[in-house]
Amino acid sequence: MKPIDSERLHEECGVMAVVNHPEAPRLTTLGLAALQHRGQESAGLAVADGHVVHSHRAMGYVSDALTDEVVRGLKGHLAIGHVRYSTTGSSNLRNAQPIHVTYKRGSLAIAHNGNLVNAQTLRREMENEGSIFNTTNDSEVILHLVARSRQETIDRALAEALRQVEGAFSLLVINPDTVMVARDPRGFRPLCLGKLDGAWVAASETCALDMIGARYERQVDPGEMVVLHADGRMDSYRWADEQPASMCIFEYVYFSRPDSTIYGRSVDQVRRRMGEALGREAPADADVVIGVPDSSNTASLGYSRVTGIRWELGLIRNHYVGRTFIRPSQEVRDFSVRKKYNPVRHVLQGKRVVVVDDSIVRGTTMRKLVKIIRQAGATEVHLRISSPPITHSCYYGIDTPIRRELIASSHTVPEIAAYLQVDSLAYLSIEGLMSSVQATEGFCRACFTGEYPIAPSGVGKDVFESETAPQTPSS
Amino acid sequence: MKPIDSERLHEECGVMAVVNHPEAPRLTTLGLAALQHRGQESAGLAVADGHVVHSHRAMGYVSDALTDEVVRGLKGHLAIGHVRYSTTGSSNLRNAQPIHVTYKRGSLAIAHNGNLVNAQTLRREMENEGSIFNTTNDSEVILHLVARSRQETIDRALAEALRQVEGAFSLLVINPDTVMVARDPRGFRPLCLGKLDGAWVAASETCALDMIGARYERQVDPGEMVVLHADGRMDSYRWADEQPASMCIFEYVYFSRPDSTIYGRSVDQVRRRMGEALGREAPADADVVIGVPDSSNTASLGYSRVTGIRWELGLIRNHYVGRTFIRPSQEVRDFSVRKKYNPVRHVLQGKRVVVVDDSIVRGTTMRKLVKIIRQAGATEVHLRISSPPITHSCYYGIDTPIRRELIASSHTVPEIAAYLQVDSLAYLSIEGLMSSVQATEGFCRACFTGEYPIAPSGVGKDVFESETAPQTPSS
Amino acid sequence: MKPIDSERLHEECGVMAVVNHPEAPRLTTLGLAALQHRGQESAGLAVADGHVVHSHRAMGYVSDALTDEVVRGLKGHLAIGHVRYSTTGSSNLRNAQPIHVTYKRGSLAIAHNGNLVNAQTLRREMENEGSIFNTTNDSEVILHLVARSRQETIDRALAEALRQVEGAFSLLVINPDTVMVARDPRGFRPLCLGKLDGAWVAASETCALDMIGARYERQVDPGEMVVLHADGRMDSYRWADEQPASMCIFEYVYFSRPDSTIYGRSVDQVRRRMGEALGREAPADADVVIGVPDSSNTASLGYSRVTGIRWELGLIRNHYVGRTFIRPSQEVRDFSVRKKYNPVRHVLQGKRVVVVDDSIVRGTTMRKLVKIIRQAGATEVHLRISSPPITHSCYYGIDTPIRRELIASSHTVPEIAAYLQVDSLAYLSIEGLMSSVQATEGFCRACFTGEYPIAPSGVGKDVFESETAPQTPSS
Amino acid sequence: MKPIDSERLHEECGVMAVVNHPEAPRLTTLGLAALQHRGQESAGLAVADGHVVHSHRAMGYVSDALTDEVVRGLKGHLAIGHVRYSTTGSSNLRNAQPIHVTYKRGSLAIAHNGNLVNAQTLRREMENEGSIFNTTNDSEVILHLVARSRQETIDRALAEALRQVEGAFSLLVINPDTVMVARDPRGFRPLCLGKLDGAWVAASETCALDMIGARYERQVDPGEMVVLHADGRMDSYRWADEQPASMCIFEYVYFSRPDSTIYGRSVDQVRRRMGEALGREAPADADVVIGVPDSSNTASLGYSRVTGIRWELGLIRNHYVGRTFIRPSQEVRDFSVRKKYNPVRHVLQGKRVVVVDDSIVRGTTMRKLVKIIRQAGATEVHLRISSPPITHSCYYGIDTPIRRELIASSHTVPEIAAYLQVDSLAYLSIEGLMSSVQATEGFCRACFTGEYPIAPSGVGKDVFESETAPQTPSS
């Protein structure tokens, strides 16, 4: 439905909650809009007023799915929300979140960022015991586990459920008078807490707090359960034993907004240091440095700072064209790239250009971009990537193609350089990457190394989309 | 959402299936359009191609919910469909059918006409065992029971499930290569089988068979399970012990279309005999007989035949106005009735008029209609109702108001006549009703007598809509 | 866009006005809904509040085009409205009415029922003088003439404009503080006046007055100009010399609703007499009489009365299927007719059936209908048409096919009977028709006789749709 | 409808044409998407195939108004298109372009960027002569003049029409086999020509040529008429005597994209020089320079270069939030600005910050932005504006507020600085501006100086929106 940039990995979700605020549904919606870069396929809201949970989900951007009319119809002072990205395969309303069900204690809705590695196994077990599933979403497994729990309180039931699943999750769960906020024991995906006057706020990134004027408090700890009550009280406890952290390092490379604070560190600062490390590791004899906008601007500034090569705005992003589905049937030259970027000719003409980008997935788009930069007059193109080569797929909530489509999984750097037709190519080293986050451990970097913190039992996200899966072509 | 005629009881659903036909989805949609009078709130389709089940549901008429584009996107040679009516309370996409889930054997969707009287009890039991529910629909209970069954085949699993539920149901269940057609042991709601070339068809009423040119074969027997295979084979067996039949007699009074055959009898013929019996029981000294269009035309013709009073077209129905949501804010005189009917003045002017209607629910609309008929010049208005007074609510799939809103539950016929301001009022007797169906037993007539064939354990259809129920304001 | 019944002629428009009422826009919209049978392709409203004219037009039914939200946005105590039918060719928003323009005196909008026979000539003249046209509608010509007039008042300017056009028109024109109501000197198309408290109402048919509870006053006279002022005053004068009346007799045959009063006569009464005259002219040896619903019910009742043959409900109309655009790609047997009507089998089975219909255009649909009636078991089918054979096209506002497509233009009655495969066929005679309207003159019956009251200078309604015409594919 | 940034002036239109290409409608639509920054309220297309002109216009972005389905329905190898911005007042479909009419020679459609200063006078004259107008658009005046012309060819007729109008216009006119491209004699608004294989392309900015891979040829000269024939031939001649050029200098300040070439100069280069001149004129004692994204990035880079102060990404733009209409009813702190920008805290914290923006209109938004920058920790805020103070309204196609709302029309620079609460404020001088465009004359800079090249006879763009104007609330 939405045009997908095959040259980027994609975050699968963003989540947001506001508790104890008369405008919780509106504020949550605004926060979701600030998190839209984390998922553009569907958006949803579940709200509660102390007595009942109502919800709405629809395909499309936050602005399309959660219109003013819809949000006005959802009354409550507690709210959770979700934005979702997915590839075309399982892209339908049925899989949008929050998922909203009833069970023995009443009504419950869940918004989940991440991916469970043992969901398939659990699901098969539960199906064999007679359970039915309405979605192909792994989050539904958690709801089943909560419903089966004999714990007396909902948060203890959720904790019990979470102890049975493995993988990556930053979760929001709402019932009529509480929002529970939980993060997996390894902290794969980010999740933070903030306050707005007497209200509690939770969000994937701090830019969502900033949007509504909330104050950043802290990140939710890996293995922590935070219970936000309708009346403003907050409880917190550990639901899991401590484990080595495996925070997704790609949040710093590409996913998160530079104005966000993630895992307690400024994304802008970390990303800047990646560019600086890259500059130290792989300088170039060139006239100008340009970033691929908007995501690589920060790293390219760092590269420029360290190398002393002048930073320039060499590519302009076509913000409006992305939504246009018109495509010339006689393919215009390199249309797919032009649709995204236009070079500033006189900036590039006659120049030896360093292009800084954050990552290379398949290489096809980058190859076209290099061609366009050359057509604009660049005499040399030196490509610098502010992260190591992506050689492995992710099983923790990031949409990566299967391994063989990752160009770096089967090609050396010189081979990639030849394919891309660049004069030189360099990636940031793993060491450079780690020095940029100023840590030696605590991060998942499996996409660069293949060292998976948790063994994936099944496969990717289409695991429930067997021949028997429910699918709606649209709704 | 849709304007509701508070002077009528409402059927809650219509169902349709086509198996082993390359155009199954299209033909099912056309059949649903012919059954639209049974439910106008939502419509849905589930199709299968031997390998996978796909589904689509949406709010609105068949023409809005199942557009050509949607139906073209649903490929398969097996299909089931559903139209649903409901009061505003639980009117949302979540409750639309077919309900589509996955379970241990794969994918499954259900379309259900009727109401289970022990659904609440079963649901509470299952919730207590840890099950979760996605809808407030009693049909979801059946899916849970099927999923829990250890029977080896899907139809045997369905039969086992059905043996645990009580109440009224005419069911269609689809999996990737079979459609199962089942009817409750008392046969509360109608369901028939037909053939179209090599294809099998099932539908609530025969008018849906006629629409697609299918040949009527027979009704599905109460307690029968019919298994329609993707390749055209058909199996059938009894899944329940024989029980006394309790076919809903109101199908003849109002719900079914006069061109349909229901429970093996022509609706037109039965309805005609009701008018004739009414004419014999309660003749009138009058100049013309009119029916309230379109539903009472048939009975009024019977009344005219027996009494010899001239039949006339005295009221014209505004077919297009019903969909208009414009309402004058300074209420125009008797607007709600004028919106539906306009009198033909010269037919009524100076005449003593017999008005035949099929039933009276609350009496408020009828009172306004009587006033309009008098304003058009009628000198006397004699109201004749072609069924007995409705004194009790229905628990088997018909939307009736709570008892105290039924005018006949607490008022005598003379009191009702006084309220309606008619010169005389008579209802058809129970005996007259039974003679019209040419039977002394085999029918449920609880709404007239309070003699419920199966004791309702819970209450009406809002039973799952407690404070904790999931509700979407729209989707 | 909308399914078209090729076996009927089609009215092209209905108009409605309410002046001096705080709810004028709402009431006008309700009136348009009552006139929906006169045009289902587009609907529009122009309102005024004494200072400014606002308007809205859209494709579709009144309920779709003039939603509550749209009507709430149109404030004023004067309003005119329009519903339009058209064949696919010129079916687009650009041609929807009211047409709304500015000119030297300010703002003006027009709603027009009818067709001008010299519009093409006038348009060419004006184009040659340098005028531009925004629509392919002949009504725009009138606006140009009004704008060119040097008369001091708007109504005198309109009168001057109308003296230059020839043809059929029942017109409503609104400016910021007046609604003008005018009818052509021959009175081709109906138009009536009513009152609702202090408000004036004008409408094509009285059923629109009834809808809003307005009292019928009188018809607008041919050649009359009625000026309705914002403050409730009304002026009236003749703007044209008296001419022989040429009221469209087909309004009685088919277009108007039976509950309307047209040209001062009850449609029901006239239509009934047509059936009676037909019964006297062409009785049949048969068991039952049925009408083709809903339009032929009235005439068939008259036929039954006179012949003594029992009247029956033999065909049920599928009210909901018409809006469905699903069509089986392998054409199901006689689908196009089944989509509209379903026979009541036991009423027809073994019977000799008289089918009364109001007219035959091409004959193709009727042929299929006869086949379906036979399949339902009729042993003989005697077709009786309650008007004479249609042999000529209409140039005064009715959508007729070109002559050669009219089956009666080139075939004798026996030939038509053979084509339709009926046992006998008879049409009402011209004399019978005239006796039914109880007049010998004053009516246009050109479609039956070819005697055109005004010579058509150009052609049909596609006259401005030359290769150069502006067309929007949709809007 | 769309959120409007009150701190910016707004271009009112962008235009695009493709002639002699089988994919002309698609390519034109893509070009319009690249020009979307020039107008986001409505979009339209008029296409021709040698025989007929078809058109479509709708409210909203190009992606919403010109969907793939719409564009597929518009066949032709000639196409013109238009995007429009407007304030809410006159924001309706009626005023969308291209305007499409018929006249004596056939069909004609116009797409117009600019504003005529004598349109009101001409319109009044034509209305007095009996003309009617369908829009409140000044472009309709040109169509009337073309229609009245007695010139033998359409391009000569257009030239004759253009000689009667005064003001700013870059025009595209399409008839069945030609597209005419014309620019006013002073060249107020940009317009350029390009080639794509054998096809001719015209566009407001070169970024639209780049989008479809077309080659930039040259700008259309002021006073030039370019005739592009369906077969690929091109004629060109002067239709007006030479006049001093008055190219809009604000295109360089803000409107045009930096990757475009306008009036033969690279926007990026000119804008860069503005920043450099500003740096020389008004350096600051500060730690970092930031631009207000995205429009001021280029100028801020120039400022940084000259002053040696480090350039930083200090504000992140919320690309997705702009389309969200949700607004907290209890206004969250400085919501309107947060909705657009979020500060990167650690970049600003403890820093003396130079903020470079391109212009100040009312000052209200800037005041909030300064506050947000301070809240993010900036110790000093030095505001530098890369153009002179805006003291006068524009009459040539730019949406400026009335004079008294322009803060610089009635306040000195120190007063503005006080109001904005900045530590220092400086604007670029007129001399600095002119040196940046490397010219002393040839530009209109009336908004900075009040020296209007052509005296405005009437007023702003609401001139036709008197009490009598036709307005549709939506369509």
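By letter and in written order, the chains are A, B, C and D; residue numbering begins at 1 in each of them.
Here is the rule we go by: a residue touches a chain if its C-beta (ideal position, glycine included) is under 8 Å from a C-beta of that chain, and two chains touch if they have at least 3 such contacts.
Quick caveat, the model's predicted, so the values are computed rather than measured.
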item: Those chains which touch chain D and also touch chain C; value: none
item: Of all other chains, the one whose Cα centre sits farthest from chain B; value: D
item: Whole-Å gap separating chain A and chain C, where each centre is the average of the chain's CA atoms; value: 60
item: Mean-CA-position distance for chain C and chain B (Å); value: 36
item: Of all residues in chain B, the ones touching two or more other chains; value: none
item: Touching pairs - complete list by chain label; value: A-B, A-D, B-C, C-D
item: Parts of chain A lying in touch with chain D, wherever the complex brings them together; value: 22-23, 26-27, 29-30, 33-34, 36-37, 61-63, 66-68, 71, 196, 207, 210-213, 257-259, 261, 266, 268-269, 297-298, 301, 311-313, 316, 318-321, 323-330, 332-335, 338-339, 342-347
item: Chain A partner contacts - residues on chain B that touch it in the complex; value: 51-58, 70, 73-74, 93-94, 100-109, 124, 127-134, 136, 143-144, 147-149, 176, 464, 466-475
